[in-house]
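What follows are several structures.
One chain, chain A, appears in both complexes that follow, with chain B as partner in the first and chain C in the second.
Presenting the complex of A and B:
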């Protein structure tokens, strides 16, 4: 009970250091955040939309927080594990919550574009950060308020009107879990009217011996007729936990793709909130999770149609093995007077072991009549007939199973709008299913990763 | 669509909004109402007035004490005004001293009431071969066809009478499917329930006729707390119908009922409801607050329980007929049409709890929202880890007739094993303009076309109702949406 208190006490005793190692534009939000936390608690298991995930318990351990921004010892080559073949990106690295640029950062980037440490940007361009920072993330959410209270740095991607970024921006988050630490991460993306940008975020953990926790808040502003893609690939370790809240604000005619991929994690809770604030905006929200061992993945989505003629299309897919617990809760809200809305939501899950659990809650709340909305949710197994068909053609049981699971995930991957990343993801998912995902192989923890592939042992 | 058609559409929707409640009449019969308020004395009074045995009084008192510790639930998508539970009279019995032996003994006023409702007892006895237990306010007025049923060993009587005549049976099953501590309204009902029906179908008996109860709230400022208990023993079958109406009143009336169903090995129960309590006037004034707990326990292997409901009335509906499928190979079904108009609010759906292996469930829910109403489907499908090879299919569709109404879907799916398959599908849309146009093109007026489309939309559920009820349900839809439905 009451994990929040230790953080508030921590802030009260260390507020001078926190402010000193951050920037005024970020510090400006802390007092409000503190007020918002008054009388609140982090969500407990069993509360509405937190039916199986205890966020409070995730924050309860006594984690170390790197307030004084001491450089952490990491193998920076880790960042290049995320290299996507044949795709050049502007690469940035965050170690814990300290942001660094790599040698490709900013190379040949249009001069008006700002990408880099939020803290540095807040000092160099305070007007931009002050205008957007904390404007879309709601402090009503206790986790967001806590993050706003303690976050000292982050990544800023600012693309001014009409600028098209040809290469994607890539951020590699590295946690070094040699000690019990936590990171308060922040990402602010501003894509102004008519601009185009893509951001690829990869999460990794080194030395996965101890529990560590990442608290992440992502704010995305997409201006009129702008296009933005956000890919989030979580490939950490079984002791790395993450609580993430993502907020997207879309103006008229904008087009956004958000893809959250959980390949390997401990316990993750991801919130996605999308607000349509102008007509004819479009969103594709995708998610996928492959979980085994005692992993826990909980995605919560909320899409608010506050303007007419917007389209949202949501698809989340899970494969759960061993004792994995999956959860999905999604809500589509169509406010009054938003005709010609189209909103679809789909959640499909495979439970691959007798002890895997799935909890899903797709919801529609609609106050306008001229809409086309639908949702679907399934929990089931691989198609036995397809499996049988493949085996009659001489494909071994294991291979057939892996192929079917890959095929099951393929529509999430195929929606990726970067060809090379799509190929890379197919490859990663294949490796994940056959148990040879590089990081897992190296980690030395017996996380039963091979069990996805060893089903016939039980037969 | 051209302008004329749009105007016509508006007219039709106006027509729907302006349709009046045709069951709004008050029966002028002598009713015995106890003073308002609820305390242990009231509970004791009710128990005493009904001459109940000690164990039942204790059951009521336990429930009452539990209720005092509970708070009114607010999780539903309903805007519930504060209800003053001390401002309600908890018992109102029409002053009929002795149970009538034949139709002639039934109070003529009462019979007129039922005639107005269109469920004339004689008619039903003669024509449809149904046995009717009519519950007005809180006391079961008359159970028809009791003798004929007795020959087969079927017990169909008021629960008050069952407590006297078959205390062992009632004691064995009461509170089994819905414990007194289940929820706020279940506890309230368990403390103050006044009457309801009791049905027991013995082993191997297939009940030859459909059993029916008619509930009606008559006295002003009273709540109705009926309790229905249906037990189908091994290999038995029964189809049970329930209809509800209440007269027009300005103040809101409370209805908190419990329906418990126990289904043993290979038995089957079909429970159909047409709920048409007074929905309030077109400005949302008055109407019934309907908070009902309905649950069936399919505890026998190969048992089957089927809920069918047509919900057109009540200012507020809070109702989730559920199936606990604890028997292996048991089957649960839920078919629902919920129509809301004006300022009505409905939050209704079902729970399917799969505990037995190979259990199956089907949910089909159709919501229709008009006026300024809010219509929600809330459902839960839970498959426990030992319930292997379970199957659920859920479909819930919503139709919006006006831009001021709302349609919402809140399903929860919780699966804890690998061999079960659960599917959920939901759609929300307004009446398809292409379909309307197609009908118009073939010379069908917009009014008739909307009727056709809505009828077709609800057909999947209507077809599950027994014939006599289907006719009434269709009539009800047309009263609620007069001008727009067939």
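Presenting the complex of A and C:
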């Protein structure tokens, strides 16, 4: 049964400690997860929707799991590196999978709102966690089942009906270990009817030379006429791998934006599943990946239009250089009797080197007549005419190349609905392309990064 | 300033330029005319270093330097400018960032500090006036959504910003109505001085009514086959190119 076996054995041996260091509302899911894993394997490369990514292999190494919740040494100041200027957030920090609050956590937050450790919330407010936890993430997915079997804590964002959170909530995930370690992370977001909230998640790695793995399951419930934005920025290291499964449940009239941004990583596989369960709901699903060296980024999206008159608009963009490998597979399903559906999907990619590879697979499955749907996928190189035009104006080749790559990403960045984050992303992307992204500069291994603006040999 | 000597060039293995000779001195305006496919645009592409074209023979000297050994950006820094027949749209790159990158790269090449933001914007404002380019266009992405006339005016605006020694205007009149043509030509004339030179590539005499050439050359089958004064353009307007084609083809036969 491949890589799963060691985790199931681990669970059987340590289930008492796992339960003891978690909470009943989370423990309640473990038996179901174990049953769901019976006879299953983690996806192997080559299976449908896993054409280029071997999830099983990602879980195969013998990683350490911090069952007994020992505090990990971490420089919290580092977490503030991703402080977005002029944007004040309610900040929470997770080191591995241990959650901590910062000075700004909960400060002046409406009293009815709960944000913080999922484990603590599951003890203090078991009725809320039990009502939503595990209800949207499908245990049919082996990764979700594995995460549900072993996750002990996470972040809860609970915004009751009609409450508007003025400031975004920010979660900074920090991986840091002297040895190979993995974290089972969980995020549960509940935005009840008419409420509004935004969550910004930033992944960072300290001590980037050690292999580590994050398994992440995100469940998002968005009630009727509620609004929710989710931004997920991965800015880790070339030895940090991640498997993430995100589920969004949208009620009627809700409006959701989900944005997955991969700036620096090792191997990442992100699944995005959106379910429309009420009419006139809207989703903007965005993704952006910048990869070079031997980085690998695979995004899989599935948007299910199960209700009439919903709108989904999906845009994923990749720039791949060196030997980077990218994959995108996106499916839009329009169920029977869902007239007035509008669904658009677009995946645009640039392979900036001859050895970079992009795999793209758009899919539309439509069972209703009266719909507007469209999809498009392109893989290309930088526009040689534009490059020459810029050079005739005196812009050096490397700079022109960087400007074009940045320009290619501009529409997906401009779709961000948080003004200060949008400006910050333009800046981060610029730094990413010119090789000066702080983390990468500091790390001996991630220095491939420099090559993105060093293509003199291609002249 | 510019000395082109027996220049041969090919694209995708096909020889287009077959021995071009041309000398341009400061203060001069040269018109290069010729029928379709004679190599006019190839000449401008080769002079600016378009990597799609291969130089197979000959030499080009520009202000004492071997032009062909320079990269396109360094040719620009040395003072060569091409106004494109079809200016390229660059979505996502704002005119302001584009011009700032170009201007500061040139300043760096010549050992100068970058312009301050306020000096740069002042310069933009001043030079926009040369071709009456709307401020709204200057804040948009490069050429994106510009009309044909706006694109050509934008080319001359860039020329005004970069103050080249030698400007090559490749079919700047194509796609222009008469008002836009006047504005563009007016801009070019304003920028003329005794220290710079202009090469005007065109099909038609019309543009030369506005930008008066000192010399008119006819390019045919990859060679300059006839050179004269402004009168030559009028003769061509009247008689077409057939008589030159016949003359040359008979000589070769």
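Some observations on this one:
Definition applied: the second predicted complex is superposed on the first by the 453 of 459 C-alpha atoms of A that agree within 3 Å, B and C clash if a C-alpha of one lies under 4 Å from a C-alpha of the other, contacts with A are read in each partner's own complex, and residues count from 1 in each chain.
In this section, contacts are C-beta pairs under 8 Å (C-beta built on N, C-alpha and C of every residue); 3 or more make two chains touch, one makes a residue touch a chain.
Everything numeric here is computed off the predicted structure, so don't read it as measured data.
When both complexes are superposed on chain A, chain B and chain C fit side by side without a clash. By the touch criterion stated above, A:376 is placed in contact with chain B alone, chain C being left untouched.
Contacts of A:355 after superposition on the shared chain: chain B is touched, whereas chain C is not.
Touched residues of chain A were counted for both chain B and chain C, and B has more of them.
In the superposed model, A:339 lies in contact with chain B only, and not with chain C. Contacts of A:48 after superposition: chain B is touched, whereas chain C is not reached. When both complexes are overlaid on chain A, the residue A:368 reaches chain B alone and has no touch with chain C.
Using the contact criterion defined above for the overlaid structures, shared-chain residue A:390 touches chain C, although it does not reach chain B. Using the contact criterion defined above for the overlaid structures, shared-chain residue A:410 touches chain C, although it does not reach chain B.
With chain A as the corner point and C-alpha centres for all three chains, the angle toward chain B and chain C works out to 70 degrees, nearest 10. Once chain A of one complex is fitted onto chain A of the other, the partner contacts of A:399 are limited to chain C, with no touch recorded for chain B.
Our summary of the superposed model lists a minimum C-alpha distance of 13 Å between chain B and chain C. Chain A residues in contact with chain B (one complex) as well as with chain C (other complex) do not exist.
Listing the residues of chain A that touch chain B in their complex gives 48, 51, 336-337, 339, 349, 351-381. Contact residues of chain C toward chain A in the complex are 48-52, 71-73, 75-77, 80-82, 84, 87-93, 97-99, 101-103, 105-106, 109, 141, 158, 162. Touching chain C in their complex are the following residues of chain A: 383-386, 388-397, 399, 403-404, 406-411, 459.
By the touch rule above, chain B contacts chain A in their complex via residues 75, 77, 383, 385, 388, 398, 400-430.
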